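The two complexes that follow have chain A in common; it is paired with chain B in the first and with chain C in the second.
Right, the complex of A and B next:
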């Protein structure tokens, strides 16, 4: 257990946060520094294998995640994960290996080390809402996001799989809304917050992504949202980077900024646009933030 | 749609394969009572020729060749909506993983090559760099799939926003990752792992 004032974690950023989702990494580090939560990057971490690995080779997927947990043990403490896909894979691995001795032995042979089971795998949301706590988060707010209507988008992997002890209720989670309300924003009720965006089909079958992400953007717009908030680099890629393309295909206009959770919470704690990587977003969020007097 | 008559005999019902799927996925195929909840919630069902509940039904009937010959399993997004909502605890997402693995190992006759290519390149990147190298992943995919101009419009946008890294840092510990791949291959050769 960590004491009240010394929250500190081993940090697993994952591949996207070191490339296309650099702003998620930057805003996470800045926000956590501001909140006084320690993050130490896991030295020499490997790719968790994401969906492609477990799709065709479960043992490889489990072994890659177990290797990362072994590396994280050098830092110590619980593992903080930002990407929803990495989170789901690491969490699942920990669960499967604690339940299934046969698989654990195979994985231990593959990584040639005992699988560490001590530290918990935690998503950033979990750390903000439960470890730090909503009350302390509220105290850190200097610029409440008053008047900003946000569609909280969970996507698939933040709350699934269902049989693993998880972040929140699998069919009716509220953790994103809880965090956002704590920093003063409004959240909208909308239909597509748990629907899949097409995820990694963005490489192999972009047509699929365009169809599914269009439904999500449509639903958020219909609910009157000013913007969408995500916790996954792939969801972000599909909804933000491909938004103009989707507008073209369906002959419509959304201009709907898509923020990472740490960017919105960071904004409420008084961090500036440069510290949150707001200029890296493809759909320009500045007009909205200026209109709401948040910048 | 023209309906093909399905003939069932001991020859067409290959149950050994189904047992392998059950062993790999750790879930029972026989528990499914065809309520259709999985397909109702599946975001990818419209892209599949056999929606999720029919995949399970075909397995129950030992007609797995029909599944592997199609693209359904490769059009599963692994979003786990099916497993979440199944009233009888059939972990369909794991069944899909098992089917893909068996098809992958047999270099199955699937129609869906793009998804398989993307998976293969993704895993190769891990073995070569330890981490994903997104720019290389996209570039090699376009070359190998013959879609040289795919997403060309996204490139400049991503580069100006600093989202595509032109250079990639290899993980320093590459011998470690190679050993993991090697050990898994060896375990499979020795029959110690599926």
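Right, the complex of A and C next:
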């Protein structure tokens, strides 16, 4: 229920946040608590089918998301989503079902319940930048991220698909930069912020992932970034966990920490490393944060 | 007693297949007032019309009903035939037994019964038809041409050469339009300025043409044959009569750093300027926004140095009213600009093409200025960022065009050809350079066009890559262009020195505002709509207004010139008569009943309702009633439906006629 002063959401963490991206989950909960935004985890939520389902069967993919939306309705309010892939699928489902009565009827038959259409699907960025607002976000900052040069990485899913009303402009979004500037960081202009990291192929064709992610790391480095910020556990996996492997293949060295948005914003609001799960990152961010006197 | 003749058409088999036409003829023959009825295979044919005329004379018919197709198709035909047989044409009506009956029904008996009813209704209706006199309105044989690009210039010259006066209004300080900006033109590669500037001079010197540059249309009143157009001549701050065009003011103006829009901001110009050296008229204009005198009150150099004393800071906008009989709209096009993605517009933009952010990503028109001998580089192809010659150049077609998801779904028509031309100009000037073109399709339907396009590939060695670019980015001093070659099925990356975007053709800014002033319609992209896409391609639905050039849709120069001449021909046809005949289907006010509420005036889409004072013999005002100007009335009948006191009626569609039809059912 969104009222004037208190924001609260049904929270859909998605599978990654309960597994490989635990630090994204942790930092999200801590940051939102700090900002006074309520998050209630959707009871009994399950996988949204993210990348595989819609390639296999559209009805299945729509139904998985619709079922989660139906569960979320029990909590009420808009649905807060952290993972870019879950976000893209849930948002697409909502759009498709609101435009197409035939599909909605099929889905309703499949999940044996009406699809709730009232609540919005919102990415955490949207909540921070628009629902809370950049002004209130600024007020919550106790330790501005001064001097930290960040490459904001949107990846390919956060603003796509193009035909779904989305988080921000498809080709020239600024929402990540807006949020980071509000907490005092510097953002760099770089070329690969919307490029795909190869997430879909992370298990089947790691060679593709290494090539694509290398280009992203390279471009961030060239633009003079100290670190990369992501809003998606899949991107994070490729850029952070695989970074050493990429360095090996291309015989280079980046040592480029890859943060989740909630970790950086959390830092600025004064949350400690333990509350943000910074120790779970593979590329060690401590030297950078110490150098910039942010810890 | 009326003697009505009814003529039932078979329309080949179109009607007779479902409707028993003979039975219809026999049945309606028995209706009161019907003196004659018959059927015929093709009523609209010459023998069919002959039959009609013969019957009118032999049977002394007073009214005629033709039961055939839609009146849209042949009402004019039959009314003409009736007229030539000596009857008033408006005593003839059509009963539509094709679209309204045979085509939409299958059961022969039922369709026949319905046809009989339809014809019966029209028989009752036609009894109430009145003799309507044809309305004539005088024609002012002068015309207005809006827009001084090649379309406006051509139309103005054609009309003026036929001996009629023309007022040519151009928004910019000089005529010439976009064509004056071009380097060479396809498919002959002759220099644009060389074929354009003589025409510009002809316009300026023509005794029948009044040229207003730096002027805009303020207001349009009136109707076909009789428009009153108010033109706003913006203050030039230079007296056109005194100025000799010596140009000393321009050289002495201390303000020198104003982006030259004619050169697509590649060069600079002073605050007092002519857009380009061959401008017509060659009188400078002061750009008041950037002039020191207007900003701070100081300076005044140009006035001091001007020998004939032509500079006049006090000059104000002037309004001039011009009476004209016809209007040619030739406002042309603008290029879709990526940097200015309109806020809140459905157009999504191409943020990832870096236009406006990466200096060496330019649009097609900017390339024209680079390639033009009179351009900022004297015709050398040099990068805007560092003035180096680009050795690898990438052209991207369909930027904005044919991209539904971006908001523009149409093809801009000219880009395939001008990109082919650009690759040639580039190859002629940079011999060791390589041009690449990313394209979706090559669309080159025009005389010698396909040959031209092939030449760019076969002789000028442009590499065409079928596929779109996903994005591009700056890397050092190169621009990395990422795309796909769908013919081979591979990803392509090209490190280019310069990128040229073939951006979509759009109507001029403010096209909608002008259309509202003129009362003409436009499509969702703001291109002006023609009256009929195939049969009336240069006329607007609003009588007396004609279209020429890219304001109607993307067009190349040959098409534009053809259409301009066609529009001129239409104007001359209109001017061939001294008086205009109009259909007398107009509204008429019964003054006795009119209470002067003027609801009709509020709803009339043509602005045809005026106020009329009724006075007694002593000249005292009795009341004010509505008057419908028959020259303006479009015959839509909206006033009739609105009038609370039933005092306004549309001739040819009176309540009496409609009620008679209903009662005949």
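Throughout what follows, the second predicted complex is superposed on the first by the 294 of 295 C-alpha atoms of A that agree within 3 Å, B and C clash if a C-alpha of one lies under 4 Å from a C-alpha of the other, contacts with A are read in each partner's own complex, and residues count from 1 in each chain.
The rule is simple: a residue touches a chain if its C-beta (ideal position, glycine included) is under 8 Å from a C-beta of that chain, and two chains touch if they have at least 3 such contacts.
Computed from a predicted structure; not experimentally measured.
Student: Taking chain A as the common reference for superposition, should the pair chain B and chain C be classed as clashing or as fitting?
Tutor: clash
Student: Determine, under the contact definition given at the top, whether A:243 touches first (chain B), second (chain C), both, or neither.
Tutor: neither
Student: Look at A:172 in the shared chain and tell me whether it touches chain B only, chain C only, both, or neither; answer first, second, both or neither.
Tutor: second
Student: Touch check for A:163: first (chain B), second (chain C), both, or neither?
Tutor: Touch status of A:163: both partners.
Student: Quick check for you: in the superposed arrangement, does A:208 touch first (chain B), second (chain C), both or neither?
Tutor: first
Student: If you stack the two complexes on chain A, which partner ends up touching A:94: first (chain B), second (chain C), both, or neither?
Tutor: neither
Student: For A:27, using the defined touch cut-off, is the partner it touches chain B, chain C, both, or neither? Pick first, second, both or neither.
Tutor: Touch partners of A:27: none, neither chain B nor chain C.
Student: Looking at chain A, does chain C or chain B touch more of its residues?
Tutor: B
Student: What is the contact status of A:111 with respect to chain B (first) and chain C (second): first, second, both, or neither?
Tutor: first
Student: Quick one: is A:56 in contact with chain B, with chain C, with both, or with neither? Answer first, second, both or neither.
Tutor: Once the two structures are laid over each other on A, A:56 reaches chain B alone.
Student: For chain A, which residues belong to both interfaces, chain B and chain C?
Tutor: Dual-contact residues (chain A): 162-163, 170-171, 194.
Student: Help me check something: in the complex, which residues belonging to chain B touch chain A?
Tutor: Contact set of chain B toward chain A: 24, 26, 43-44, 47, 75, 77-81, 83-85, 91, 93, 97, 100-101, 104, 114-115, 117-119, 122-123, 125-126, 130-135, 137-138, 141, 150-151, 153-154, 157-158, 161-165, 171-173, 176-177, 179-181, 183-184, 187, 192-194.
Student: List the residues on chain A that touch chain B in their complex, please.
Tutor: Within the complex, chain A touches chain B at residues 15-16, 18-22, 44-47, 49-60, 63-64, 67, 100, 106, 109-112, 156-157, 160-163, 170-171, 194-196, 198-201, 203-206, 208, 212, 241-242, 245, 279-282.
Student: Quick one: in the complex, what on chain C touches chain A?
Tutor: 348-352, 405, 471, 473-475, 480
Student: Any idea which chain A residues touch chain C in the complex?
Tutor: Touch list, chain A to chain C: 162-163, 169-172, 191-192, 194, 219, 222.
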